[in-house]
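Heads up, there are several structures right after this.
After this come two complexes, each holding subunit A, first together with subunit B and then together with subunit C.
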Partner chain A sequence: MQNKTHPLLIAFAVLVFFFLLGPLVIIIGSALSETSYLTFPPQGLTLHWFENIFEISAFRRTMATSFMLAVGGTALSMLIGIPAAYALARYRVEIPRFLGNVYVLPILIPEIVLGFSLMKSLATGLGLPITLSLLVGHALLVLPYCVRVVGASLNNFDFSIEEAAVSLGCTRAKAFFTVVLPNIQAGIIAGFILAFITSLNDVSVSIFLTGPGVSTLPIQLLAHMEQFFDPTIASVSVLLMLVTVAVMAIVERTLGLTFLTK
Partner chain B sequence: MSARLRAWLLVTPATLLVVLFLVLPVLSTLATTFGDPKGVFAPYATFFNSRFRMTVLWRTMEVAVITTIVSVAVGFATAWVVAKAPGRARSLLIIAAVFPLLTGVVVRSFAWLVILGKNGILNNFLIWTGLISEPLSMLYTQGSVIVAMIYLFVPLMILTLVGVLEGIPQDLTDAAASLGATPAATFRQVILPMAVPGLIVGSVLVFTGSFTSYATPQLLGGERQMMMGTFLYQRAMVTFDWVGASTIAAVMVVVTLTTVLFMSKLARKLNPVAG
Partner chain C sequence: MTVSLTLDNVSAHYGSTQVLEDLSLHVAEGELISLLGSSGCGKTTTLRLVAGFLQPTAGTIRLGDRDLTRLPAHARNIGLVFQTYALFPHLTVRDNVAFGLKQRGMGRKERDRRADEMIARVGLDALADRHPANLSGGQRQRVALARALVIEPPLLMFDEPLSNLDAKLRVDMRVEIRRLQQANGTTAVYVTHDQEEAFSISDRVAIMNAGRIMQLDTPEVLYSKPANAFVADFVGFENMIPMRVVAEAGDAVRAEMEGGATMDLPRGTFDVPGRDFILAARPEGLLVAPEGSAPGIPAKLGLRTYLGRAYQYQCDTPAGSVMANGPLSAPFDAGAAVTLVPQPDQCCLLPVEA
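For the complex of A and B:
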């Protein structure tokens, strides 16, 4: 494509990217400062605030909770989301089309309304333990990512290969695991990782479901910010950005980041 | 086993998850608002007659509308540059837009806390340049919430529009130009109509996202700039007024669903391809 973009427009776009990345650079800088308050540019350089994260037990605990919740919730969601995505792609005649929209409801309904409703019905109504309510809430929250991203892979899959395996005597289950699954592997990995990061960063659902003793990292960060304003929060933020970098690397290697512009 | 039975068995677990843990709980929240002994619509009468509640609703609308308009304008211009950029630069710019998008809301809002605070970077900078002598209080204002929201949603708009703009065939703009259209006319009569569906999708995402946000107004707006999300939380978890909280939830659901339905109707009407 020939490049005849107006120079003023390019200058504007440069400013926009400066606006997008500047604040994140500021966080990285202030996480490294030797001062006991947040400042940028950093005065002196230290990794002390990173060590400090692990000295605060609330951060240690919530990090572990958030990580396990993101892995567990996403795994649960994949376990039921993959069969649904498969059925939607494979049995277009048997399954009514509106069902595909049902799995997108967790994005359509305001997250904060979902969190409040789950708190009322699961935690208070059914008396489910906090961890279990959180797990259900997060599995629900990431279901759209699991169904949609895996579904996108399945739409590119040629089901006649699967039919060939079955007609050659393969059982349906074996055909799924040895023929279909390896072909949609990239979609599953990308979907998993996008769901993982969504769950890891969630605030609106978790804030209603966390309770005494059990909290997630973003909720703990919010609580910490209201009392302390030291570089520890900045260093936790930097750790979370490193997770984002890892997530992006994995998506790039599976479906490619341009997948996100579709 | 028939194909029909197999298909239904496969979708059952996911459907059950959504029905049991989303549809029923949300319906039960909505039902709560109609069970008031004072009358079926009593909680709504309270909501719409309360000056404070209406202020919160209008403030939320205002923030969401401003955020959407600015994000559309900024996102469109930036997406244009990204879509036209040569291969390598284009991938780098997409990475630069995806990175903030995948970084959590708390982290991104926190950045603005550091920038806009009393002893924040912006105040220190302004004092250093001598433009001001006393630090300005920028936090806990509508402006600080809007800036952080725009920051939150511009990447989403860029990524939505890059895909759409790249989908516009070069032949089409070339044809317009060779038939004598000025660049401005080509933009208005060819590019803009083709981009409308993407603009609508992006606007819906930004409007509903900012209308229902919680963490950003909580951190940057506080009690003074309460929005629907923070108001819902405060009613539910601080004052334990569950009927009040459910009423706020119902208003939020109605506003977001109406927006989505109306805008997708509009998109279908304006889509030049589908006609």
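For the complex of A and C:
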């Protein structure tokens, strides 16, 4: 075996990085340009377009909505996802396999189909208010992440630990909270973060469910783009990116990123 | 507080497959009984029934005069030691041990005091503030033991508690388990598939097969007087020679083996269980002797191996190949025609099972 890396491999790696990071650099550059249109490389440097996000009330409002949906939808999804993941792991033998796959359907169905069917069922069918159907829609959208990531840490969980707690006098319910939850905490946090980011950046589902007066940040971004082609779009994108990076940094600091890929 | 454990005609199923069949077992106060058997014979299932993690489909389970059968698992007050230790990873050694006391509503001070006392008894004083991940296998095992003992349960149950430890530690730990169990006078059920382990520390051993107890007896009786072919095979009776009574010859019974050879078994020394029976013997139970020197099985010697205390011969008999031992003082050569003389105190005559 030779230890030297093949030059072609290095070239390939550089290319991958270029294509992954290149567009991001362009967006960051454009967001800082003094021109009133998108351009790269930036001409002059200003933070004006970032201030602009907060000056436009539609952006402020939708930003709040997006955060509320990401937090609320994920929380709602966890409320269903944790018990589901628990049951699937605990009763692996007894539960038919296809039931486990039902929970990942929202990932498998094309998002646009999911969005359309949610509009048909929640908004049109049930006549739910816009905010509520958005909340339910986002909860469904992120459910696979909750079930899968929490499930992954439950699959590594030795259920005899739970039985040990019961044998020491805990009821089943109490054992769940005192010994199961603390030991899958990392999985819950990781699932929460993945779900949060997915919800925050979602377009396909939200676009069908938003309506008069209620919108999310990415949808507002699209609407803005149709009228103005100024660097505000880039700065909103940068902002969304920063939130994602910040969340990832927190994960990296507290749990380690390898955790998410486990 | 010592109590007895009684299982009466207990059956258990997983789905539609029956795992335990009409199992009855009585563990006396302060007694340690081992369940011994090969993988899948239902040892863990028996423990899970008693612990309350599984409901029997028939029969009753009693602890002392308390009927456990319908009692939820958390109310049974039974100390359990798991094969995987099942320590709480997020708690320190002290909090692991104190867990059961906390469930009983004991204040922090008192439970920490008792936990520390028990941790000292299993020799882990220095490690009370560590988490399980930072302990060796043997240390984890001790924590698991301390955690089960500290609640002073009337019944302790162990599920292959030593199978993840190395050989030397296994011997030390089993002695320790026995010592603590006897010191507290706790009734105990111990599951293992290691015969030496079961025999060395148990008052009695139940040998299990396919969801049934084949024999429940002291290690001494099991070792020398197995009650059936299964147990005999399990405890190392390598030679099983089917025989049939053909005549009563005064104070002896004449038995014929496959191939037509006959042998006289004196009454009183051998207790023939029926017309058809099996002569079961370890190699040392069949003495290689010069041809015709005593009643026995005619054989032709094959390969000879040296065991230190004896020679062992592979022998061809009319009933097939058997292993027999011969004295060091008089070695035989391969090919010699000899008689294999059953030694009454080291052979058993077993009934043929239907």
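Definition applied: the second predicted complex is superposed on the first by the 246 of 262 C-alpha atoms of A that agree within 3 Å, B and C clash if a C-alpha of one lies under 4 Å from a C-alpha of the other, contacts with A are read in each partner's own complex, and residues count from 1 in each chain.
Convention: a contact is a pair of C-beta atoms (placed from the backbone, for glycine too) under 8 Å apart; a residue touches a chain by one contact, two chains touch by 3 or more.
Everything numeric here is computed off the predicted structure, so don't read it as measured data.
In the superposed model, A:101 makes contact with neither subunit B nor subunit C.
When the two complexes are overlaid on their common chain A, residue A:169 makes contact with subunit C while staying clear of subunit B. In the overlay built on the shared chain, the residue A:183 is in contact with subunit C alone; subunit B does not reach it. By the document's definition of touching, neither partner reaches A:57: not subunit B, not subunit C.
Set side by side, subunit B and subunit C differ in how many residues of subunit A they touch, and the one touching more is B. In the superposition on chain A, A:158 makes contact with subunit C only, while subunit B stays out of contact range. Common to the subunit B and subunit C contact sets on subunit A are residues 172. Interface residues of subunit A, counted against subunit C in their complex, comprise 158, 160-161, 163-172, 175, 179, 182-183.
Remark: subunit B residues 3-4, 6-8, 10-11, 13-15, 17-19, 21-26, 28-29, 74, 77-78, 80-82, 84-86, 91, 93-108, 110-115, 117, 119, 121, 124, 151, 154-155, 158-160, 162-163, 166, 170, 208, 211-212, 214-215, 218-219, 229, 232-233, 236-237, 242, 245-246, 249, 252-253, 256-257, 260 touch subunit A in the complex.
Looking at the complex, you find that subunit A touches subunit B at residues 1, 3-5, 9-10, 12-13, 16-17, 19-21, 23-24, 26-27, 30, 37-40, 79-81, 83-84, 86-88, 90-91, 94-95, 99, 102-103, 105-106, 108-114, 116-122, 136-137, 139-140, 143, 147, 172, 197, 200-201, 203-204, 207-208, 218, 221-222, 225, 229, 233-234, 237, 240-241, 244-245, 247-248, 257-258, 260-262. If you check the complex, the residues on subunit C that touch subunit A are 51-53, 72-80, 82-84, 86-90, 99-100, 103-104, 147, 151.
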